[in-house]
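Pasting a structure below so you can have a look.
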């Protein structure tokens, strides 16, 4: 099998990182990215000398790109036609429309969390239900919070069995650089239960989940607290032992300097990670407490980049590159350098 | 029995509100307040024409007050000598030092949450353990989060029996107008378990509690999510029924416009409440969800003013004004206008 | 002349404060307020026992108010018909539509800063161009920043003559309690020149003005720096002397505790001012510096309440209650208690 | 001449970037960095495989580094002894103490803006007074705001002559990841004139400068507005023409997407710049306005990285690598890739 050819629709916060992620996979080839307007991200692509080819979606005004001196490689449909699979990170709702083109061109696709579940054959998470995605045409990834949350719950579930979780999502409200949304000096409630709890139950139907979500005026990473009820009592040490084995969970402590969500962002920049991104969730060892027979802990979700590894897993599943769950995630982890800090 | 004479030590965020609270109790008399320096709060007292008499603590430089034209009524010890009970809202640690003076003058005192428990005979909450405070000389109030949290847990506990709670505290990091502390674009973790969970167990030793606290960069009110395990299954309706009876819990919905902590602040200002304060905790009816046999809900804690009613209860207990718990809190509620919105 | 009858359209952030302001004027009578939906502000009105009568604008669903138990006194047109003058603080653009009703009922009106200048006969500021508003039917108030800015520039201009100003507006982006707008960890530029500079030139055509506006993620008060070029050199002491005479300018220092915009909000709450409001602008004595022959200084604009005094001035002008500028503003100041802190 | 050997003292926010900057200069060699404790930045160095050798300053506990598996290459004095010049980015005040060691080892040094001017022979800016630093032993760099500000003022000054500037600094209050300082929902005043204006006059004594500084609760970049008085009238076009020629000034517009300070941070991340850094100041073309004969404009200062180029210039000056100002800055610009976006 030659390299799997991949395209990206929507070169925004997520799309850029999907493109970077694909470019790092030794068994995949990034054919190009598609977008609508000469945004800052597209201008940055140009300033870097177009490391990724750019295609224009329907409705784009090519003269705007010409005016900026941004070379265009073709139309969205031409990109779709060249690839085995599209990663769709268009704004919410647009993916459903794009799907018609994917079907027309007989191209597989993976949609990000903003689309409705009905857009896809399978609601997918690399660690929790990889097998369901194998050979499927259309996958939908879990959203950033759900992706990270499920990593930790699946980790405990496979080790000890989990029956029930109650989560509190302390959500960042915007990404660094966002001006189209924001919150100032306010915490904002969502109606309960949060969609992340509902989504967890869709992916892991044997677990009962509920939760409350509160928006906070910060940009660097969500924090989720989880109260998990095991099939057996899970002690703090048992939880820690399980988390420490996971290549996409970075176990840290406050004393080391990981004081909150912004510490992870700082650390990723200090590591020299491209864009200051981190693929792992953070898990505070000193947040783990026993609540009777339940176990409680807190995780950090780097919202911009956390879904990239599971999307790479999704390509492996949908394109039949690997049928074994653990081999597939290990392949993704190898190319992204995950777990090597341990 | 004539009116109980009350003094306040420390005329800051809490002390001002304690003074206002006492001034509203028909069976108490505010003799005066004590402070160290001509802060903005003291300057505001002067601009209002000194509605409360001012006494100076040891170390105060009277010439600074003279320079501002602020009249001084005497020394801290003179104030202590005039009153039946002192409410101590000095900065953390100072209260313990002040206690020596209270003992010397044979004056009762109630300390705020910043002091160590050992400063007092009883760690006190008006609703949860009123009886323990009756006739005691030195009480310590629970902190703002613990005060509000216990209101809700005690409410469920008395109605249905509670065995265990796991809390997530989404903490405001500063008060409006604070410049001596703050957090910018970051969530900050505390080591678990949070002291509020530990404090709850001290007040309500029959309940097992743990929790995680996260600081957020906002100034208007903490939000706490609670996962409570009842002795019996507590349904959403059962929880709501109990909360609706409580005069210090304001049950609201997002649809009414209570979108988050800042809505409560806005509403209190719109009500014309002095300083824009609210004595009640908020409880979102649309946050209540069942988690298996557990019940989960979210409350809002107006940090500046929430402990005032329970401190008034404490005066009633310590000064033997009332031995019956429900009669005592009802008296406080009457004078503060609590529950009348229902 | 009996009391002037006043109505308020739009009972939001500004409308509530206009109603409060009118209620404090001994020579005016607040007939009622009009709004569209049972917002938190309207619910707060009800919880207070309806101190102001409520009228419903066209499009309001009365059944929503009935469901909340909120009494309604009539229709918007009925209110318009009962009053001499309407204060229109409807959302931007609605005022222009409302004007048709005001014209139909032959009722005067004052519009807030969100409307276009063309809605009114005169663009009005109580101190700077009072005379132009006398006897006019339709006035438009300057916006909050412009109102406060002009107070300070007019003050210097009348004392020493001003030729030119260059301003930097550091703008709060939302009001406390706002969830419909916000900014998170970002400063945002507006295209220069800012409209406040342009508006200043409309009110004070003999002065050349320009400026740059930057939005900041805070809720308590704008800060404006002003570089003013006098007809003569204005020293720091000369500027200070002029500012100290003004009843709507509160001269403060950092050393007193006025560390920034949030200190003013704190101070107004400590004063017990209704809603924690302040009618005065703040002016930092220790911000005044000489720049060659120019003078530079910084002011604080309490955005929610700063336009109330000038609107009261506007009523006096439009309704011919007073033709003399200084007598008119003095009357407003007397009823609002302005200047008495000095 | 072989490569100039450089060491860095203090591997924090600035120190890391100094090390990266030196590593990119073809004619310099980074010998190592020195620090006190295994901070997150040092841990990140280890996780990257120690691209820079680590030396321990006096007072460091080597066992802490051993416990983390962080290899240590020697002592601070050993590092000082190996290099031609030290870049000192220790916390404020420590640099003055370190200087004794530099003198003892006869090693040149460049101090960052936190130290007092008296620590150095020359207060230095690469563009404005390069010649003064040539061959000197101890230079002190201007602080981040002053460095960026002077770039723009020097640019206009050399083109047209500048007599006077009045600046308003809208200052970010913390860096991303900072937990030791912060501000929440408040703007904070400094006493005027700001030190940046004073520093500008030290570097450019022929210009009169004053200014006001306001702290804002954001982390990505300061914004400064400048009102500059030229020796001749400078039109908007003249200013723009000058700025466009400068390799360390990035002229942008709001319409392109540069909506504020956070846009620059986003753009630098999108460019794939290490740590998401930007060496250039931003200058909004659509902020430039004429104020009579004065010119007004706004710039963005990326506080973490803006001083790196001028520090590289400083090495060139102090170590006699180049005596010509324009050749020196061009060399730095070449290695850092500055100006190539044009």
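Letters are used for the chains, namely A, B, C and D, taken in the order the chains are written, and counting of residues starts over at 1 for each.
By definition in this document, a contact is a pair of C-beta atoms (placed from the backbone, for glycine too) under 8 Å apart; a residue touches a chain by one contact, two chains touch by 3 or more.
Everything numeric in this text was worked out from a predicted model, so none of it was measured.
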item	value
Any chain that touches chain D and chain C	A, B
More contacts between chains, B-D or A-D	A-D
Rounded Å distance between chain A and chain D, as computed from the means of their C-alpha atoms	35
Intercentroid distance (Cα basis), chain B paired with chain A, Å	42
Centroid distance [mean C-alpha coordinates] between chain D and chain B, Å	47
Chain C, residues touching no fewer than two other chains	176-179, 184-186, 188, 217-220, 258-260, 262
Contact footprint of chain B on chain A as seen in their complex	163-164, 166, 168, 170, 172, 185-193, 208, 210-212, 214-221, 223, 225, 227, 229, 254, 258-262, 284, 286-292, 294, 296-298
Footprint of chain A on chain D - complex, ascending	16, 39-41, 43-45, 47-48, 176-179, 184-185, 220, 256-260, 262-263, 265-267, 269-272, 274-276, 341
Residues on chain C engaged by chain A in the complex (per definition of touch)	173-174, 176-179, 181-186, 188, 217-219
